[in-house]
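Take a look at the structures below.
You will see chain A twice below: alongside chain B first, and alongside chain C after that.
And now, the complex of A and B:
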């Protein structure tokens, strides 16, 4: 077993068990901090795929910004459940149906996707990340989506300010 | 070299966990966290396909950049809406937010 494969198994184990912890724990604060760990491990998966820039972005945006924002929202709202697990449950009464739906989805996806013969390049994956080439591709071929996404971000920013503003 | 199938299976399981969380949680913030898990499962898929099938043009990586940007916009607006609901109704329980039902 190569070192890469070993790293992949270890990272997958941490990511999947962390995600399971997020969707099953009773303590919301623990869920948020496990979200931080899970997102950092996904950044390590990107590193395994030789995408250093996206690994850095993952840490900055998901592990950093999103977690901080969720912690703020958590502090500003009153949770139904207390840290000791007492109080109202954080889960609703559809856990069985949710589990069946999710398991059915997983079965269909694996049944459809895994036997496919993907056109995998023999030289893949690329051995070094090339941020300069990526920047050239974005600003030559994908300039219109880039401008549109900046307008979307600006609209989201203004929308959030308008929504969260105190009524006067 | 890690087979591409491993990445597909891993992200499919991650997406499934996210679906379960969205359906089974009643705290709106936990629902948003589960949506983030699903987002990241999709991004892992994009990155894996980019590295294995189009390593030269990096289409998947560029898709991931745009997906991350729209995901950041989504979580910002989602949290703002949650705060707004909390201000009006004193709850973040999505089971109680049913004004739009008949």
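And now, the complex of A and C:
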């Protein structure tokens, strides 16, 4: 077992148990901080794959910005319960429906992924990540989706400002 | 030996930076003392109190590690590390000359920005986990502030990256035949202001404002954990001041002297600027902070990007027109602001 594989399994264990903790804990702040850990470990997996740019983006966006956004969302919510979530349920009591949805999704995933023949080699060649090439692809081949995304984000931004300005 | 080499390099680097940080602390004591017409530390170590920071560090090491009864124990314990480890990791990406560097990252600029976003989380973790109103207020102030100033900081860097067409810090320095401060004066000013806010230094230290919040997110911390927050700030200063030198002041370029000397001359120039601005400008209010960030710095950074991008695309030899238009807009804007504020 190579060091890379060992690191992959260790990281996967932390990621999966972290993700499980996020959805099962009653303490919402713990969930936020565990989210940070999980996202950073996903960045570490990108690092293992020599995708440095993706790793940095993962840290910047998911570990940094999304955690910040969740913290701000929590600041705006008014909670009746205690901050540690004692006596609170983590779900909305619709266990049957959610179980069916999850099982259905799992079935679809298995149906799609299992018969697939994956072109996996024992040791994939390590390609040095090339930010310039990535930039060229985004701004030449995929310029239209990129622009559409920015227009959608701009619309969301303007919408939020309009909604927030209702006092005058 | 081959396995030990990276660890030895890391150890040497951290010791070098730490000894510089001890000097920073002493210099700040002395400068803020002199500006306030005091002498600063004079006793410890006989000569102008040079051993004061060492004595402080020893004191922190010996203090009891108090964890409040109300605190969320685990998060309270972990928070200083979440802030400290990433800023130390940033050191790996900073080159000092084109020979002396740890690793030439393809994405060094991004690496530094991405890792510095952990500072915010460590402050929120520490402030929330303390179970104290003042710490929570400090943490939320820190959150709002770091978030609003990360944007102009990143956008100010974007102009430089567009000019050199690379994210590698060594590449950016090698590309600077003319220092970027001449081509990007607006970007440099935005960077210098946003940098002080990111470092939580006075005049932007309202997250730890002594007169309002006791010590903000770090109220309940003592001993080594408190020292880690403080050291993290100094490591952050090291990283961002180096970034300022590398991105805008031509890094190790300079006549006669060797590159490493030029780097540290510029680096200590930035440090002196930070030390003096800390004691000469009064602390801003939260609303002034937001106004400055969102209404002045962010639009300026955007204007900078638009001008830079337009000239790079349209004009073949864009350096002179770029410098002229940037300085014209800067002087015009400052003049207008003076007229309006009168």
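Definition applied: the second predicted complex is superposed on the first by the 135 of 168 C-alpha atoms of A that agree within 3 Å, B and C clash if a C-alpha of one lies under 4 Å from a C-alpha of the other, contacts with A are read in each partner's own complex, and residues count from 1 in each chain.
Quick note on the criterion: a contact is a pair of C-beta atoms (placed from the backbone, for glycine too) under 8 Å apart; a residue touches a chain by one contact, two chains touch by 3 or more.
This one's a predicted model, so the numbers in the text were calculated from it and none came from an experiment.
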item: Superposition on chain A - do chain B and chain C clash or fit; value: fit
item: Which superposed partner A:143 touches (first chain B, second chain C, both, neither); value: neither
item: Superposed model, chain A: greater residue contact from chain B or chain C; value: B
item: Touched partner set for A:10, first chain B, second chain C, both or neither; value: neither
item: Partner chain(s) touched by A:101 [first = chain B, second = chain C, both, neither]; value: first
item: Which superposed partner A:65 touches (first chain B, second chain C, both, neither); value: both
item: Partner chain in contact with A:57 - chain B first, chain C second, else both or neither; value: both
item: Touched partner set for A:158, first chain B, second chain C, both or neither; value: neither
item: Minimum C-alpha spacing, chains overlaid - chain B and chain C, in Å; value: 14
item: Intersection of chain A interface sets (partners chain B, chain C); value: 53, 57, 65, 72, 130
item: Chain A-facing residues of chain C, complex; value: 72, 75, 82, 105-107, 110-111, 113-115, 117-118, 120-121, 124-125, 128, 140, 143, 147, 150, 165-167
item: Contacting residues of chain A [partner chain B, same complex]; value: 4-5, 8, 12, 15-16, 19-20, 22-23, 28, 31-32, 35, 38-39, 42, 45-46, 48-51, 53-54, 57-58, 61-62, 65-66, 69-70, 72-74, 76-81, 88-92, 94-95, 97-99, 101-103, 105-106, 109-110, 113-114, 118-121, 123-126, 130, 133-134, 137-138, 142, 145-146, 149, 152-153, 155-157, 159-160, 163-164
item: Chain B - residues contacting chain A, complex; value: 1-2, 4-6, 8-10, 12-21, 23-27, 29-30, 32-34, 36-37, 40, 43-44, 47-58, 61-62, 64-66, 68-77, 79-84, 86, 90-93, 95
item: Residue numbers on chain A that touch chain C, as the complex places them; value: 29-30, 33, 36, 52-53, 56-57, 59-60, 63-65, 67-68, 71-72, 75, 84, 128-132
